[in-house]
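Labels run A, B, C and D following the written order; every chain starts at residue 1.
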Amino acid sequence: MNTSCAIEMRGITKRFGQVVANDSIDLSIKRGEILSLLGENGSGKTTLMNMLAGIYQPDEGEILQDGLPIAIRSPKDAYDHGIGMIHQHYKLVDVFTAAQNIVLGLNDQKLDLKSINAKVKAICDKYSFVIDPAMKIYDMSVSQKQTVEIVKVLYRGADILILDEPTAVLTPQETDKLFAVLHNMKADGKAVIIITHKLNEVMEISDEVAVLRKGKYIGTVKTSETDPQALTDMMVGHAVVLNIDRPKFEKPVPRLKVQGLTCIDHEGITKLDGVSFTANGGEILGVAGIAGSGQKELLESISGLYPVKEGSVSFIGGDGKAKELVGMTPMQIRKTGVGMAFVPEDRLGMGLVGSMGMTGNMMLRSWRKGKGIFLNKKSPEDLAKKIWDELEVVTPSTSFPVRRMSGGNVQKVLVGREIASQPKILMTAYPVRGLDINTSYTIYNLLTEQKMNGVAVLFVGEDLDVLLELCDRILVLCGGKVSGIVDARSATKEEIGFMMTTLGGKENA
Amino acid sequence: MKKFTVLLMVMLMTVSMVFANGTTEAAPAKSEAIKVGLICIGDENDQGYTYNFIRGQKEATEKLAAEGINVEWVTKYNIGEDSTCVDANIEVAEEDCKIIFNNSYGFEPFMLEVAPNYPNIDFVSCTNCVSSHDALPNTFNAFANIYEGRYVAGVVAGLKLNQMISEGKITADKAVIGYVGAFSFAEVISGFTSYYLGAKSVCPSVTMKVSFVGSWSDATAEADAAKALADQGCVMISQHSDNTTPATAAQSAGIFHTGYNNDMTSVAPNASLISTRIDWSVYFYEFIKAFVAGEKLDQDWCKGMEDDAVKMTELNTAIAAPGTQAKMDQVIADISSGKIQVFDTSKFTVKGATVTHAFARDTNGDFAADTDEAVFDGAYHESYFQSAPYFTEQIDGITWLNAAY
Amino acid sequence: MSAEVKTPFVRLAKRDSMDPKKVWAIRLSSILVALILGMIPIMITGQNPFTAYGIIINGSLGKPIYIKQTIKIAIPLLGCALAIAPCFKMRFWNIGAEGQITAGAIAASYFALYWSDKVPSFVLILIMFVTAAIAGGIWGLIPAFFKAKWNTNETLFTLMMNYIIIGIVSWLQGGPWEGRKGSQLIPMFNQSARLPEIFGIHCGWIIVLLLVVLMHIYMNYTKHGYEIAVIGDSENTARYAGMNVGKIMMRTMFLSGAICGVVGFIVVSGANHTLNNGVANGVGFTSITVAWLSQLNAFAMIVISLILAILTKGANTLQTRLKVPASISDIVTGILLFCMLSCEFFINYKLIFRHGKSEEEASK
Amino acid sequence: MSAIIALIVAAVTFGTVLMFGTLGEILTEKSGNLNLGVEGIMYMGGAFGLAGAFNYEQAVGAASSSGLLAILIAIISAFAAGAIASLVYGFITITLRANQNVTGLALTIFGTGVGQFTGEFLRVREGNFVALSNHLKDSFANPIMPKFLQDIPILGKILFSHSVFFYIAVILAIAMHLFFVKTKKGMYLRAVGESPSTADAAGINITLYKYLATIIGGGISAIGGMVYIVTTAGCVWNHAGLSGVGWLAVALVIFCLWRPLNAIWGSVLFGALMIMYLRVRIPFIPTEIYKILPYVVTVIVLVFSSMRNNKEKQPPASLGANYFREER
């Protein structure tokens, strides 16, 4: 028995219904080491870690700590074993202060603010964080929230830390800070597991890399003994060309003109501030920015779903005439024949009806068609069958609830339907999130195909590498403002990263 | 396997039900007992209205049993004044009852919906007034001259007020009676007017405030109305509503009370002087006895103190004014003999004038009385033309605190 | 070894799907369990539960007149459940059916009381029907408007609307519409304002059966039905699809209120023949359970409303014969609901026992 | 002046009933469980509280019954009834994860049934009305504060002339407030109601918290039903008296913004609205219309509270939603 292993997982299997999320996985981590858990979205990384954190129960297999078998039945058990996890969706109570969140669930002490603050300060000093313990969570920025999460875990004396995609919402600069902290922890003798699918981060931070693919454990390698190409091969199973095919459309024409678009949410916070740009037909315009910089509001206000305070959105038709869209409801926009398709970020919560089958979801675009009060179920049924065939959607029938399908198939149904409406403008938000590489490429190809058909494609993404390879131009948002628009063929990641945090950005890059 | 078990259980249940069913059906009815239905708006827990009926039911049963007539009662409780009343009447009729008493005023229209379908069953609506005059021979009305009892209770209250005045506890002008009424309805108006006249006959300075609670039975509202009256200076509380809470409220406010339907001295020994009630056993007894004998009572039945249909409960001598019992006995005797006319028109005024004319009954269905002159021989003749009270004058000396009902 | 002991004895997992036959078997057995549990209060009263159930069956179905009465109870339950179905499908918790029934009843009663000598019976009934629907619809529309505009909590809003309209009836009863002064009774309707009888029961049963078919079609085959289903799944999706959620909400609530209003009309014109403040008599609440237990399936509602009507009518007879308080029917209804709500758990989740076997495998 | 004082005193009597109902529901809702069964719970509390005191008195005899013991027995019986009812609700919604709205409605039907059944069955069993002796009635309803306090002008009446239950309710409200803001367990409970997944990940046993809050909350609400029966309803089972009270308590929770201290004045205010028609006349407004005032006020409050948007004045974020840890 290898007693130097802080945690060892043996033969862990977890199923969700028919789906095997984890299939007999073995994994171990030593103290004073940073392990990257690498895998595509949907490869079972989070599920596996949730079993360490006590959120899920393994169906099979055992977990050993320092060589002894342990049972983690609940998050509390996990903490008792010194395991703390920072989830991708922060587990914080919005109306509580940082300090309240940090001590939440601790049984061994009184609610004594003084000693809590002292201890929090000690932790912050040790790893060089800054937080205000009396600040309410709903007043915090994303990275502040993450800091609270990390302090929370450390406060509980966790010596095995799991971070689930901690950098997804951070700027490159914030990421650097985080990595510095992780190095401090490692030096402190803690075991750190980072879930990620970003290869550069893996190479930068970790000592070892464990790779999962489609729920199976592929292997663990020392970071120093590998390279990105080898890791990619492990992740996807066969060598793939990282390059995304990017043909150039000969004569892009302006299709969508946005000027001075300003949106304010119901709490009075400015979400978009004077956004202006032009999207051309025959071009993919990428939209980059840290999470919550106004991407969602941008797409929703263009499609008439979000109230616009000021500015204009005009659609430029084939005849060159502009049509003002601000003030119209989605239904009115559709009726004017603008031809706008939208693949929202929240597929089941916004783009699709989870409880209905493919046919029912096809109707979402067409249910108004036809005279009279009755639904036309025939043509949606045909469309559903067509998409089922062409995009190879895995589902038992066209009436099988889409909620029960896997993420990739859900996305195929959604994108398939949107493209089927033969749009002039196609807006997509994080269309490959949670998809395996093959499906991702299917989606990339579909988008490129649309571009080559002369459609103006808006692509909101989070992975800068993909943005740089797929798009023609990239619009960078920073706090609801346009930080700049760059040519994707010439821009660098650092440049964009800086623009994401600093308006304009370029001078210092 | 599972399915089979389920199936088996269902079958077992069904069989047992049918079996149980059969036995209930086959159970022989008690020998020669006559089945009588009683449909009640409440239950005994009101300690008032319905309780009073149940008591009459029990007493009548005993009296009849002594004469060899066995009565088997089918009693429905807490029936609403809506189509559930229709259902209850049908239900009881289908249980082979020969007579069905409906105890609430509001039951009558629903009872009359059912009555034509069961011509061999007698339907009685207590306290209402349509059945006696309609075309159906099998529908009846009944009530008692409760105003006589209230008059006597008023005398008891007046004597107590006199005592308080003479003891210097209140001045004569502070002799105010608070009355908790259900609705501004003839039965209630007739009741508190007679009560007031009784009090006034011995205590001339008395005045009265009436608060309507808008419900025949709402313990909370009644209690609060009584409290509110006490807070407004009333030193004596009486009521025409179903619960005992006004008595309790009077007791906790340190004032006095006379009750209705039930002896309330047990509830408020330091406040409740006396109560008056209708003894329904008299009517039940007469009706059932006549029915068994193959006779029929008058379709409109109304009796008073003379026939013991209206009774006084035991006087609470511990707190009543001295000499009350003697005065009471005399007044009862005078009422029975006709010497005292409760609504003697020389004893009250309406807007300063003596009442000389009032109709008693409505015959054209517009709910305004148009027939039968009630004022003659120097008195307003209450319950003379029909059992249900029809006195609705607002006499001087009585203030209606809220007239919206 | 210690790990073995520590593993939870039983844990949960979501189920993917289940054989429909098995689903119905579970639902049926839950009814059975409810009936068995319902025996407990009967036994507490010292009665034989089998006798009691026998009386319930006999008292509700034993004679033609009993069957008629049972159906009379079932009619408003069914009608109101149909009204509630689209709201609940939309996840709009309308518990104000009680008030919407009452509003409809008021409108119908107005014409019954004051127009009965002005127009022929057929026209009068038609006017009553239409105005009741409009009045009920408006009463349902008010909370929907605020929900659509400010997302005001509809559960409490609709509930409070019940008490408000019932108060208004109380006022009418003792005020402008009162019959004999002070009696608190509104006069009985003239014959011309009463629903005609078919097979000895007022023809409300035909109306509600027609409504069953119409509602089934409306919910499953019309554009409106589709919109309601989408909103019920996700309001955001509906908005995304270009639906005007607020408008659809108001429209659906108007419809729901209108059907409740029609139920109110049926009750006053067919059963009560007058208006009083207890006109809804709890139907608005009980019918929610009818709708929910039927999984919002219009045809299943017929069965469930009949079951509840049998319980109600039977419990009345039970009270007559065995002096068991009639509220036993509420208890059994409650137990029935608890069991049927609980059984959905076994349809949606599976239990996994310690030694790795799921119950499904174990039962194989 | 004296009319206003009298109104306040009377409002407190009715408000006490509402206060228990509201406080119980606040506790329940703080755990994220929306229990719409308060109406049924209060019926059960009323019936069982009365039954408890009645049986006690029957057992020892009216003469030797102790008022204090009767109060205790009534409270315990009512609490137990409410707790059991809420346990059923809790089991179905927390463990079996059924829809909270519908389960609450089912509990209303069930609880009203059980309450009526118990109340009526007692009567059937006794063959007569079921009432407590005057001695016990007094100990339930009479003021408990010393005479000299009650005799303080104005304030004496307003503050010290109430039954023991009012003071229990106020103490409970203050205790609950302190529990929520000062104690660790109170904070954890709020966390459960705000974000069960967070609380779960923090190692809080949310199932336990939800169960305890729901059961204790139900028990407290049930006491309200009992207080109604033994104070305002005169210690007899009242067939219709409680109807609507439970729902009003649910509405009051929103009115009070889920804060126990607000429940004190909120319930007294609603108590006043309930009885004002008997004391403060408004010209041209019929009494029956007057009687719907509390409901109209509730609606107005609902609308206004939905229009304002303040992070601190919102319901517990997870209210009405069930939690399943392995939900994806």
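One rule holds for everything that comes next: a contact is a pair of C-beta atoms (placed from the backbone, for glycine too) under 8 Å apart; a residue touches a chain by one contact, two chains touch by 3 or more.
Given the structure is predicted, the values throughout are model-derived calculations rather than measurements.
Novice: Mind listing the chains that sit against chain A and also against chain B?
Specialist: Touching chain A as well as chain B, we find C, D.
Novice: Hey, how far is the Cα centre of chain B from the one of chain C, in Å?
Specialist: 37
Novice: Quick check: how many Å separate the C-alpha centres of chain C and chain D?
Specialist: 27
Novice: Can you give the whole-Å distance between the Cα centres of chain A and chain D?
Specialist: Computed value for the inter-centroid distance: 46 Å.
Novice: Where the CA atoms of chain A average out and where those of chain C average out, how many Å apart are those spots?
Specialist: Spacing between the chain centres: roughly 44 Å.
Novice: In chain B, which residues are in touch with two or more of the other chains?
Specialist: In chain B, 77-78, 214, 404-405 touch at least two other chains.
Novice: Any chance you could list the residues of chain A touching two or more other chains?
Specialist: 16, 57
Novice: Using the touch rule from the top of the page, what residues of chain C touch 2 or more other chains?
Specialist: 13-14, 170, 174-175, 325
Novice: Which of the chains are touching one another, listed as pairs?
Specialist: A-C, A-D, B-C, B-D, C-D
Novice: Quick check: in the complex, which residue numbers of chain A touch chain C?
Specialist: 15-18, 57, 59-60, 62, 69-71, 73, 303, 305, 329-331, 333-334, 342, 344, 346, 348-356, 360, 363-365, 367-368, 373-375, 404
Novice: What residues of chain D sit close enough to touch chain A in their complex?
Specialist: 182-184, 187-188, 190-191, 194-195, 197-205, 309, 311-312, 314, 317, 325-326, 328
Novice: Under the definition above, what is the set of chain B residues touching chain C in their complex?
Specialist: 2-3, 6, 9-10, 13, 16-25, 74, 76-78, 80-84, 86-88, 90-92, 94-95, 105-106, 109, 113, 183-189, 214, 362, 367-368, 392, 404-405
Novice: Where on chain A does chain D make contact in their complex?
Specialist: Listed in rising order, the residues are 16, 53, 55-57, 74-76, 78-80, 85, 87, 91-96, 100-101, 103-106, 110-111, 136, 138, 152, 266-267.
Novice: Using the touch definition up top, name the residues of chain B that touch chain D in the complex.
Specialist: Contact set of chain B toward chain D: 42-47, 51, 77-78, 211-214, 217-221, 223-225, 227-228, 231-232, 243-245, 248, 252, 266-269, 401-402, 404-405.
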